[in-house]
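In the two complexes below, subunit A is the common chain; its partner is subunit B in one and subunit C in the other.
== the complex of A and B ==
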C-alpha cells in the first residue's frame, strides 16, 4: 500500500468533508432551532455562491468570501422573518411544502438576477480568466494537495469546529438549545426567542455561503451556476447520517462521508464507475435501516 | 410597584373556545395570592394571559384589561411583559431537559452581568444544595422536586418583582410539596416579591398566601382572604374533600353537585 497516496486521500477526503460538514451543520442548526427541514438549503448555497461571485467582481476573492458572509446572514434572517416565522406551528407538511416552494422561488430569483450561464469567480464573463485565491497547493513527499483542498482545510474545517464549540459553550449556543427545546418556556424566562431563531437562520445561510463559494470554485474548479443545486443535495445524507438534530453529528458525518467518497474514488471508481456519487446515499439507506436516529441523534430523556 | 390588576378578562382559544368569561383579580405589591380551582377552571389560561404567552397557545384576549405595574399589557408580547419584572413558571415544570443544570441557570441569567450572575447563582446553590450537587447533569434526569427547585433558581436569576407559579406541587409527594411551599414563601419574603400561586392543592396554598381566588369554568366564584376561604364550608368541602368519603365515583358526583356555576 502506498502510504503517501493513502495520506493524500485522507487529507482530500477531510477537505471535501469539511465543506460538507459546514453546510450540513448550518442546515441542522436551523432544524434544531425551529424543527423546520429547510429543503431550500441547496438554493442557499446557490445564493451564497452568487453573492460571493458578485462581490468578487469588485474585491479580491478572499475578501469577497468574507464580505459575502454578513450579506448571507442578512439573507437568512430575511427568509426567517418573511417566510418561515409566519409558518411556525403550522402543519408539518405545510411547512415542508412551503420550503420546497421557497427553493423554487430562490431558483427563479437567481436565474432572473444572474442568468442561466455558469459564471467564473471575479470574471464578468466565462471567457475571462477567473480570479482565484492565493495558490496554496503543495507536494511534499509524494503527498499532493490542491489549493482548493488546503483552503478548505484551513477555512471550512475550523469554521465547522467553531460552530460546534459555539453551540456547546457560548451564551448564544445555550440560548439556542433552550429555545429549540421550548420556545414558550424560553419566552417565559425573558429569552428573546424570535431573535435567537432568526440568528440561527442567518448563521445557516453564512455556512451555506462558505460552502457554496467553495463548491462554486472560489479555490479553483468551475464557477457558480445552477449545477450547485444538485451538488448541494449532499447536505441531506450528511445530516441524516449525523442524526439530523446534532450539529457535532453533522460535522463528524460530513468528514466521514468526505473520507468514504475519497477512498471510493481511489479504489472503487475504476471498478464501479459513478459509485462515488451514489455512496453517500447508499450509506444513508444503511444507517436508516440499522440506526434510525443516525450516528449522533438526540436520545429522548424520559423519566420513568 | 409590583402589582397585577385583571379586569373582566375574557380569553378565547382558536377563536371559538371561551376559556375565561370575565375574570377579575388583583395582586397588590408584595402580596401573595392563590388561584384555586379544578382542571379546566381557567387558572393556567389566566397565567398565560398575564404572562403575554396566549399567542403561543393560539389564544387571545377578547375583552377586559390586564394591568401590570400601571401599564396595560393586553396586547404586549411575552418579552415586554417579562421586561416589566414578571416571571412565570409555567405548568409541567418546563425546565430545559437537555441542558445541564448549569446551562439552565445560564439561559435564565442571560440578561445579567457575569458578576451579578455569579452572585445569584451562588445564592441559589446555597439555598438548594442538591441542585449544586447535580449541576453538571441534564435537567431531564433530575427528580420532580429538584426540577421545581431548579425552576425557582432560574426564576430568581431573572430578578423578578412579580413571580407567577403554575401548579408547583403537581406530581410531588406531600413532604416535597411542603418543602417547595416553604421555599416559595421564604423567597417571597426575602425578595419582597408579589406572588401569584396557581394550585389545585388548596391546603398547600393556604399555608403561604394572604388571599385566595377560586375559579370554576372560566369564572371567579370565590374571593377572600386565606382565613375566609378556610372558614368557608363550600371551599373547604370542595377542595379538601371533607364531605367526600365514598370513593372516586362518589367524589365525582359530589363535585358535580357542588359546582357553583
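== the complex of A and C ==
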C-alpha cells in the first residue's frame, strides 16, 4: 500500500470532514437548544455562501468570510425570532413542516435576491476572474494537500472544536445546557432563555456560512448556487451518526464521514460507481437499526 | 351530383358562416402557442431563467413583426424545478388546458423528462424539442415528432475524439469523468466504443454526483492514470472548475474537454487561470461575437426595449436559436396553409439551409438532429472561448 497516498487521503478526508463537522455541529446545537430539527440547514449554507459572495465583491475573500459571520449570525437570529419562536410549543410535526416551508422560502428568497446566474466568489460580472484566498497547497514527499483542504483544516476544524469547548466550559454553554434540559426551570432560575435560544440559531447560521463559503469555492473552483443545497444534505447523516443531540458527536461523525468518503472515492468508486454518494446514507440506515442514539447521543428509554 | 334547393341553402349558410368576417377575425385572433417547461427554480435555474429571457425577447420580436400570419404568438411557461415528476405534471396540465389548434410546439427540459414524455409526445403527434441533447431522443422512427436542435452528446463527444486524434493520434490516453445521471451517462458507451476503434486508451473512469465537495480523490486517480485528455461530461459547472483547478494545483498537464454545458464563460470565472486551454464542444454563437447576425438581432431588440445589453449566456443563445427556428417553421407552415402540428413537422423538416442568423451551420437534419458543432478553447486572459475549428461533423469519426 502506498503510504503517501493513504496519508494524503486521510488528510483530505479530514479536511472535508471538518466542513461537515462545522455544519453539523451548528445543526445539532439548534436541536439541543430547542428540540427543533432544522430541515432548512442546507438553505442556511446557501444563504451563508451568498452573503460571503456579496461581501467578496467589496473585500478580499478572507475578510469577506469573516465579515459574513456576524451577518449570518443576524440571519439566524432573525429566522428564530420571526419564524421559529412563534411556533414553539406547537406539535413537533407542525414545527418540522414549518422548517421544510422555511427551506422553500429561503430557496426562493436566494433566487430573488441574488438572481439565477452562475456566480464566482469576488467576480461582479462575467468578465472578471474570481478572487482567491492565498494558495496554501503543498506537496511533501508525495503527500499533496490542496489549498481548499488546508484552509478547511485551518478555519473550519478549529471553529468546530471551539464550539465544543465553548459549550463545555463557557458560561453560555452552561446556560444552553440548562435551557436544553428544561426551559421552564431555566426561566425560573432567571436565565434569559429566549436570548440563549436565539444565539444558538445565530451560531448555527454562522457555522453553516463557513461551510457554505468553502463549498461555494471560497478556496477556489466553484461558486454559490443551488447545488449547495444538495451538498448540504450531508448534515443529516453526520448528525444522526454523531447522536443528533451531541455537538462533539457531530464533530467526530463529520470527520469520520469525511474519511470514509475519501477512501470510498479512491478505492470503491471504480468498482461500485455511485457508492460514495450512498455511503453516508447507508451509515444512517445501520446507525438507526443498531445504535439509534448514534456515537455520542443520549440513551433515552421511552416507555409506551 | 345534383343538389336540391334545401341543400343549396344549407351549403350557402355554412359557407357564409365559415367565411364570415366574424369567423375570419376569430381565426386570426386565435393565438398560436408554444409551451415551455423550464427549470426556473432548483439546480438548473440559471439555465431555465436564461432560456425564459430569450423566449420572451424572441416572442416580442415575433409579435412586433405582426405575429405569425396575423396570429399573435403566445408563450405558455411552466416551471419544473428540474424534476421529472413536476415536469410530467406540467406537461399534462398544458396539453389538457391548451387546444391542439393553438398549441403547435412544446419545448421541454432535461434528458430524464424528455425520455419520460417521449411516448406521450409521439401519441399526441406534438412537435417537441428540449434542452437535452440525448442521443436516444434523436430517433425519428420511434419518436417522429421529436427534434434535437443541435448535435447529440454522442456527436459532441465525436467532435472531441476527432480533436484528440488530431492532437495526439493513436495511443492517446483518455480519462472519463461524468455524473451519475442519465445526462452524464448518455455518451459514455459511445466514447468507449469509438475510442477502442480509434486506438485510444481509456485509462480511468470516475462517476460522481452532480455536485461534489472535493475533487482531490479524482485528481489522485488522474495522477495515477497520467492521461493525455480528460473528458468531463454531465455537469453544469458544478464539478469542472473544481476538478480542473485541483488538477492544475497538483501539476496535472492533461487537456481537459467538455460538452455543451461546460461551454459557458462561468467555467473561467469559477476556475480562474486553471481553466485556460479547456476545450469544449459548442454549436451556437457566443454573445460577444458580433460577426454573427443573431447577436446583432438580439442587441437591437434589447436596445429597442430598453433591456440590459450585458453578456447573455450560452443557455440564452441556444434558446434564442430554438425560438428563431420554431418561428421560421411557423411562418413556413402558415404560408403553406398548415399552421398546425403536422404542418410544423413538415416545415421543420424542410428548413434546409436556414441558419438562424448564423447560429447553426444549417437545418439539414440527420436522424432528427444537427450533428455539426465547433470546438472552442478557453482563453482566460481575454475571458473568451476561441474557436479552434470550423463546423465539425461529430457523427463522422
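In this section, the second predicted complex is superposed on the first by the 297 of 304 C-alpha atoms of A that agree within 3 Å, B and C clash if a C-alpha of one lies under 4 Å from a C-alpha of the other, contacts with A are read in each partner's own complex, and residues count from 1 in each chain.
Methods note: a contact is a pair of C-beta atoms (placed from the backbone, for glycine too) under 8 Å apart; a residue touches a chain by one contact, two chains touch by 3 or more.
What you see is a predicted model, and the numbers here were worked out from it, not measured in a lab.
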Please work out whether A:233 is in contact with subunit B alone, subunit C alone, both, or neither, and reply first, second, both or neither. neither
Once chain A of both complexes is superposed, is A:118 in touch with subunit B (first), subunit C (second), both, or neither? second
Counting only touches as set out at the top, which of subunit B and subunit C does A:4 meet: first, second, both, neither? neither
Output check: A:171 vs subunit B and subunit C. Expected answer is one of first, second, both, neither. What do you get? first
Answer with first, second, both or neither: which of subunit B and subunit C does A:185 touch in the superposed model? first
More residues of subunit A are touched by which chain, subunit B or subunit C? C
Is A:92 touching anything from subunit B or subunit C once the two structures are fitted on A? First, second, both or neither. neither
Listed in rising order, the residues of subunit C that touch subunit A in the complex are 40-43, 45-46, 48-50, 180, 204-218, 220-221, 236-238, 241-246, 249-250, 264-266, 268-274, 310-311, 313, 380, 383
Going by the contact rule at the top, pick out the subunit A residues touching subunit B in the complex. 89, 171, 174-175, 177-178, 181-192, 298, 301-303
Which residues of subunit A touch subunit C once you look at their complex with the stated criterion? 5, 8-9, 12, 15-16, 19, 107-108, 111, 115-120, 123, 125-130, 132, 135, 137, 139, 144, 146-149, 215, 217, 220-223, 225-231, 234, 262, 265-266, 269-270, 273-274, 276-277
Please give the residue numbers of subunit B that touch subunit A in the complex, ascending. 51-53, 56-58, 78-79, 82-83, 87-90, 94-99, 103-104, 106-108, 110-111, 138, 140-141, 154-155, 158
